[in-house]
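Structures are listed in the sections that come next.
One chain, subunit A, appears in both complexes that follow, with subunit B as partner in the first and subunit C in the second.
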Partner chain A sequence: MRRSTRIAVGPVQFRVGSDWAAPVAALDRLYAAYPNDPARPADATVRLFAARPWRRWLRPSVHIGGDYVVPDALPLPLSMGLLAAEMGMNLQVALGWRRHLLLHASAVARDGRAVIMSGVSGSGKSTLAALLGEGDWRLMGDEFTLIAPDSGDAFAFPRAVSLKNQAIAELAGRVEPERLGPLLAGTPKGDIRHLVPRANAIEAMHEPARPALLLFPRFGGDMAIEPMGAGEAFVRLTEASTNYIALGEAGFDALTRLVREMPAFAIAYPDSASGMALVEDLWAEAVR
Partner chain B sequence: MIEPRYRAAPPEALRVEPLGDLTAIFDRRSVQTHLVVSPMPEILAAMDDEPCDAATLAARLAAEFEVEAEGDVGAIVAERLHELAALGLVAPA
Partner chain C sequence: MSAMQVLAELFAGRRDPAGLIPRDWDGVIGVARAEAMLATLAHRLADAVLPGPVASLLADQRRAAAVATKQALWEAEMARRALAPERIEFVLLKGTAYAAAGLSCAAGRQIGDLDILVGWQDLARAENALLKAGWEWVKSDPYDDAYYREHMHELPPLIHGGRDRMIDVHHTILPRTHRKTPDPLAMLADAVPTAEGFAVLCPTDMVCHCAAHLLADGDLQGGLRNLWDYHRLVSDFAAADPGFWGKLDGRADQHGLRSEVRRAARLARDLYGTALPSGWDSHDTTDGWFRRRLLARDDWGRPSDFLLQQAFYIRSHWLRMPPAMLARHLWTKWRKGHNPASSGTSSA
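After this line comes the complex of A and B, so read on.
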């Protein structure tokens, strides 16, 4: 690897190596405000490499590697090196992390308590968290939320938010331009633009928050709120966790406690403003 | 016909956690999580150290939950025991 950098996101220290300078330079720019301790050993390694040495120069395409490898992961053109790095970082955490129960969920916190929002890609969980994070919430993460098996506390993973498609325009008008990464147009996931979280999210990224409200958002359609029982929430979170099975009984403990501790709702909303209002209403109920 | 008899899992083998309508059961031996609904948890709770058959269990459940132990209940308990055995939560004795 010709270039490399280190990035700390929440409890995870990444080492990212690349055959090219551009993706590393882009990462260094996005993660400039994050704590950087070069002496700290890496928890996860991501490698962006050329399939053949000459591919570094001729129609360069990026392969993603690291401690864990998905054999059929697509090579991406070099212009999407930043997306490749993001995918690599997600993959290493999703498959390798064992210290917490890992939920594929976004989260925001206020007064030491967290709203956890779980959903598949396209559910709106990332956009909702990003928008709330621009208001008086602390963005804990747009993709992963970590639950400590011993305490049940939620820990943040505030990587650069991956804004997709319509969310780009929705956020771009609200934030300082220097917090936005380059536009990656026409990726396999559509248009992508990264957003650096606000300083409060990065400064407080090691502070735990007590889970207080669990939401399963769905963007689109009429406004709806459906209370969800602990059993169904448990089932859905086992599906949303990338390491539940690997954690064994510790995962079972963490998840049963989590779904008992906080109310859960499936919510639907036609636009972001009503989604944010819904979260505020349910929050007011939950922390009363 | 001889009624099949089943043995409960050792007490330390299972973690049984009611979660509203569902009950989550963690089996330490297989490291698997099972999600079951009533009457599965009640059947497991009604078993003791000794192997027992569906009729015996139906009688115990009837005494506890005020249902008739005759007919259907015995058949239902027999079916559920068969399913619990397939999950590995009880064992044929």
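After this line comes the complex of A and C, so read on.
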């Protein structure tokens, strides 16, 4: 491919190839603070390519390819190349990674113990994790949390946080401007701006944390806390995992242990401040 | 040397993995994934000294493949439970058969759909039994459905609603309209039982089917894996039975597949170092095109050599049906806006 770069996030080493310079330059800026070991072979390949040679210049549109592809996925305009790269990297992890049980969940850690927050897009799990990560928590990731089948430990995947819509303003006022990527306005997922996690999150990205609290957040509506049984938490997490079936018995064992080891709650909160306070309260109880 | 060539040399044991630099591994891992052979490579290199991250990735692949194989065999068991009450006998084919028979090519081999062979006379009953047991039709397009039923060697693919797994029910091993017409009755009659009570093709038929699948059916997309199957099958069978090559010749003649079986043997020798007996160890100038096609992928895993791919695509249709029918088929497909170039991508 014409341009390429290498990015390591948590345990995954990516190589990203592109027909254009811009997405690679944007990735390099966003991931400049991440460790980069050129001697390490890539686990996963992402390709950003033009479907026809002339589409590199003429209304350039970025197709997302790699080891795994989604058939009929729509291309993105070149101005959203960074989003295309993010989607390509997520896709390779979601479909290709087998070392850990993958949960579509955000996570933060403190004193070697983790809060895992699972929910669909728009549930607020990313924003909540990002906000906690700006306080005295270590951000483990806003998209995937990895559970080691043998130990049950949680491992981080601290990619650049994908802030969406209102979350952009919520975070932009609190962080150093150089930690923010360019504003990608009007993408299929709304406005997006990437946030580079704090240095502590990147430095500690290989450190495991013991799962201590499982939350299913929902942003909006009145404050609510509902304890959730292990059975329901289990079923919800099977749906939130992209490789639960592929892992077979090891996945089942890891997930049953996970839901038995930590308390789970469905929570709702009207605003971020009360959401963060809620997490702190439940945390204090869980680790007591 | 391209990553595809390095991959083939690693399989052949002609290349020491310790001599690969990190950028070599990028390419090898990428193309092995694209050829659905990363877990097979992981088994091939199980005892090799490898860079830490590569060793970890390949260990992941071996673990994942063990689960996938178990799931594929479970799918075979599900088919048995659907078909046994109707007293329909079936023979496992391809990946599931290799796993059920405990053959060495099954180590790490990706298994996509469950492929089974039933007698032509049992086909309608088999379809009904599977539909009753929860499988559903995938093809909603009436032309495709009719095409399968009239011209193909298998039923339109069925998928199980609960487990999301496909089954291909074959009544022979090549399309009915194909220039070659192997003898499925002989294959069914000479099938052999496995320890778990499944039936698989006898060794010579298994190799004939493997060669037919590689060279007579399709455009050689993903052919490197099928050729590896062939290499391991003939190597193991010949080691167990000194008369194997002679029997294979006879059986290939019976099925009209001598040229496919012979060419596959030469290609396996060229790419994987298969040891062939003297009568087989010949050279054919047209093999070069097949070798090139099998290795047509760049270091990023993308298909390369576009014209050669197209030529093999056209060849696959030329073999599959008579010219007038081919014209009609392509015309129908074209009018429906199907793009022939996109039909062969990433099949499992």
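The criterion applied here is as follows: the second predicted complex is superposed on the first by the 288 of 288 C-alpha atoms of A that agree within 3 Å, B and C clash if a C-alpha of one lies under 4 Å from a C-alpha of the other, contacts with A are read in each partner's own complex, and residues count from 1 in each chain.
Everything that follows uses one rule, which is that a residue touches a chain if its C-beta (ideal position, glycine included) is under 8 Å from a C-beta of that chain, and two chains touch if they have at least 3 such contacts.
All figures in this text were calculated on a predicted structure; none of them were measured in a lab.
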| item | value |
| --- | --- |
| Partner chain(s) touched by A:232 [first = subunit B, second = subunit C, both, neither] | first |
| First, second, both or neither for A:98, with subunit B first and subunit C second | second |
| Contacts of A:43 with subunit B and subunit C, given as first, second, both or neither | second |
| Subunit B versus subunit C as contact partner of A:249, first or second or both or neither | both |
| Subunit B versus subunit C as contact partner of A:15, first or second or both or neither | second |
| Touching partner for A:2 - first (subunit B), second (subunit C), both, neither | neither |
| Touched subunit A residues, subunit B compared with subunit C | C |
| Partner chain in contact with A:174 - subunit B first, subunit C second, else both or neither | neither |
| Set of subunit A residues, in rising order, touched by both subunit B and subunit C | 248-249 |
| Contact footprint of subunit B on subunit A as seen in their complex | 229-235, 238, 244-245, 248-249, 252, 256, 259-260 |
| List of subunit C residues in touch with subunit A within their complex | 22-23, 25-26, 29-30, 33-34, 51, 53-54, 56-57, 60-61, 63-64, 67-68, 70-71, 300-302, 346 |
| Interfacial residue positions of subunit B with respect to subunit A in the complex | 15, 17, 19-24, 26, 28, 31, 33, 35 |
| List of subunit A residues in touch with subunit C within their complex | 1, 13, 15, 17, 38-43, 45, 47, 65-67, 69, 71, 96-99, 246-250 |
